[in-house]
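Quick one: this structure, given as structure tokens, is what I'll be asking you about.
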Amino acid sequence: MKAKVHVYLKPGVLDVQGKAVEGALHDLGWGGVSNVRVGKLLEFDLDGADQEAARGELKAMCEKLLANTVIESYKVEVA
Amino acid sequence: MTFKAAVLVFPGSNCDRDCKTAVETTVNGKVDMVWHEDTTLPSGLDLIVIPGGFSYGDYLRCGAMASLSPIMQAVKAEAERGMSVLGICNGFQILCEAGMLPGALLRNSALKYVCKPIELKIENRKTRFTNAYGNAQSVWMTQGNGDGNFFADEATLKDIEDNNQVVFRYAENPNGSMNDIAGLINKKGNVLGMMPHPDRAFEDALGSADGGPLFRSLVGALQSA
Amino acid sequence: MAQKALEYGLKADEYQVILNRLGREPNDVELGVYSVMWSEHCSYKSSRLHLRKFPVTGPRVICGPGENAGVIDIDDGQACIFKMESHNHPSFIEPYQGAATGVGGIMRDVFTMGARPIALLNALRFGEPDHPKTRRLVEGVVSGIGGYGNCVGVPTVAGETNFHAGYNGNILVNAMCVGLADADKIFYSAAPEPGLPVVYFGSKTGRDGIHGATMASVEFSEDSEEKRPTVQVGDPFAEKLLIEATLELMASGAVAAIQDMGAAGLTSSSVEMAGKGGLGITLNLDKVPQRETNMTAYEMMLSESQERMLAILKPGREEDGYRIFKKWGLDAAVIGETNTSGNIVLLHKGEVVCDLPLAPLSDDAPLYDRPWVEPHAEAPISHADVPAHDLNAALLKVISCPDEASKRWLWEQYDRHVMADTLSDSSTGHDAGMVRVHGTKKALAVTSDCTPRYVQANPYEGGKQAVAEAWRNLTAVGAEPIAITDNLNFGSPEKPETMGQIVRAIDGMAEACRELDFPVVSGNVSLYNETNGISIPPTPTVGAVGLLKDYDQRVGFNKVQPGQVIILIGE
Amino acid sequence: MKAKVHVYLKPGVLDVQGKAVEGALHDLGWGGVSNVRVGKLLEFDLDGADQEAARGELKAMCEKLLANTVIESYKVEVA
């Protein structure tokens, strides 16, 4: 199975990287860009065939390691 | 009585020897190096130091992988029993990731690693880590990190301030840290995390000896206990 | 094959030498081995003749050029091991990774010999500040150097940075590493005896940096992107683990010989270890830890994947190795054995894919006495010819020059204090960086120097000047200058004028080294630094190390007080 | 318009983060995880309504700033 985990900063947390990217895009002439947020996308292979179970495992991985829930949220996907 | 400390070593720790030397030099302490896969700590300890460096390369998030290592279970248990724990730089990040201190450390606001001597205001001189600073208003230590920008949500931040948990504040904020926080302690007062390096400021030859009183404070606290 | 030899960078006459010696056509893998070993980078074919002019011995020299790094005696049974190396071309293509892997490579040269790295330096030359590429290159190079050195935990204490239009299309990134070892525990690369296990450890091998030549002969298909040569990516975390594991393995007494895998890693390391030992070596490539699937023997032998080592262990010590590699989480495998065949034999999927006698690889290696002409040299300017200037205007002009501008933005990104032994660094205003020899009153002073504009004006005098400046910077902090390493960055040696610069700069450096008893113990040559046929300004960078017996005696501005006398020494 | 840009290392380029994350997941007991790759996901708002034009702009942003095409590839999405 292919797994995708998207980890991103919670709305209230200042995204310094996003801000810097936004500033740079504006400087390059793309003034129509706003609210840039930079997150992580992890992709990997996962043994097993049960998608529901896999989603559960992925959530556990996020809670334990892949996301710091003090500052980050996550979404998981299997295919 | 000899002061006994343990310094944890994770893959990628790089201030482990510095911390050992600092404890030896400042309080003539005896230091054991403890490997991250160990599940127990040496007996009779007075201090556990979580050193700076790039545990697990700082990959994913600084301190995230180290906070899950077997030895951190033992450190948590000891901390609950009141043992002094000092996390410096990456050690501070590990303590936050482990949930032993509130908040998190984000990328520096300038998005760059910054290494420079830095002035710290001592905000709480009654802790077991700061009682030997006397009347000193501020101290100098060097700092070197890419993720030293302290963040906590509003309620947590208020809680930290209300409980007098901020121990060191930057005189000039170098990284966007909330409320200029450079170092903070847990509610119980036995776990301190800080970004600047007392372990690089223990002799005049190194540019500052202001880290010395931090270690001497712990000895003092033991003697008066 | 003759055509392929050309694609691989071998000249027609060089290929003929191979044919004559082998009495047959080499296969693809063998040709790859030859092309690597006979490249300018590995064989020093254009410079070797002239490098012999350097004085390389002295009372404190334990090991001069020829090994991974130079070794000098710093008393009390301790040794200092150091070297400088360039990563110019990779840094221009991918500044962050190019510079980072440059730092990683030079550190491996030093810890391979048994030293713990204790200081890093970097000498950088960029194009004009307002050239469109410069900004991105400076950003990338500086964060790459910092990103790698900071993570490994070795302080970057000094360096130099110049800007000049001559580097617009070809920047220079020279990195130097200084390490500390016990003088009786230095490790060398020559395999000592037959029948010993050859162990690979570190990161897995991927297709990083394999030269594009092969791709020209591969049909394009769906996965052609995957087969494209890729930029080497550095993993400083892996390097940190590699340092600890290597030093632990050495301390365990298991190591008979050891070599890091630098450019064309597996080829040069295995050829050199067996060749220097006068032995033979057989490797089973199926055993090589691989990151990608379906790697060919050619790809494995030419891969420039980073953070890898090759060690020859003493008999029966494999288990010690595995215990240590496991502790540090490194991939490792016994991939071969030394023998008396005198050949390098490579097995892959049950077939012999390479069987070459080792001796000719070094004995027949090309050595060129390239034609050169006396380079252009400016006439000396007499004091009397200099027109009078308004001093204020002159001062303003000097301090607004980018070369003189503060480099704070740059060195603040470098951890200068890790290891808690830094006495002076880029921020303290000393002429040299100083780090304590841990646990002693001794300290090492380190500096890197070259003024390309002087070398351009007069290669001989400029070469002398670079050495003399390094010497002065060490003495100015109170250190005894001991030895130097160098990084000779020039354009194409096939142009007589450039070759003349190389020859005369070396003459000048050698002269200064002799005069000052300042031997050269290691170095690196980087040629063909040019774009559109225009060469960079000649840049023979000098890295130097000095010793302070008591660091309390060091000298610096911090001792300056009002009312002291100022003395000018010299002409 | 909402824009999404996924920037990831080209196949064959060593993913140092992915390697470390995979090791950590294995240590935590998730041995069935393999081939971990860590990429960046940028999300932002974009003025305008022409999706085709937007896709073109996003590609230009990637070439110019968001991706380092020597070692990274990218995918863009608008909605």
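Each chain gets a letter, A, B, C and D, in the order it is written, and its residues are counted from 1.
Simple rule for what comes next: contacts are C-beta pairs under 8 Å (C-beta built on N, C-alpha and C of every residue); 3 or more make two chains touch, one makes a residue touch a chain.
These are the chains along with the protein names UniProt gives them: A, D = Phosphoribosylformylglycinamidine synthase subunit PurS; B = Phosphoribosylformylglycinamidine synthase subunit PurQ.
Please read these numbers as outputs of a predicted model, since none were measured by experiment.
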| query | Is the number of contacting C-beta pairs greater for C-D or for A-B? | reply | C-D
| request: Please work out the Cα centroid separation of subunit A and subunit C, and write it as a whole number of Å. | output: 39
| Once you find the CA centre of subunit C and the CA centre of subunit D, what distance in Å lies between them? | 34
| request: Report the inter-chain centroid distance for subunit A and subunit D in whole angstrom, where each centroid is the mean of the CA atoms. | output: 10
| Quick one: subunit A and subunit B, Cα centre-to-centre, how many Å? | 29
| query | What are the residue numbers in subunit C that touch two or more other chains? | reply | 235, 237-238, 329
| remark: By the touch definition above, subunit B meets two or more other chains at residues 56-57, 59-60, 65, 68
| When you check subunit D against every other chain, which residues touch at least two of them? | 16, 20-21, 24, 28, 38
| All chain pairs that touch each other | A-B, A-D, B-C, B-D, C-D
| request: Over in the complex, which subunit D residues touch subunit C? Could you list them? | output: 10-14, 16, 19-20, 23, 68, 70-71
| In the complex with subunit B, residue positions of subunit C that touch it | 143, 146-147, 150-153, 235-238, 240-241, 328-329, 411-423, 427-428, 436, 438, 551-552
| note | Note: in the complex, subunit B contacts subunit D through residues 56-57, 59-60, 65, 68
| field | In the complex, subunit C residues that touch subunit D | value | 93-94, 96-97, 203, 206-208, 225-228, 230-235, 237-238, 291-292, 305-306, 329
| field | Of all residues in subunit B, those that touch subunit C in their complex | value | 11-12, 14-15, 17-18, 21-22, 52-54, 56-59, 112-117, 142, 144, 146, 197, 199-200, 202, 205-207
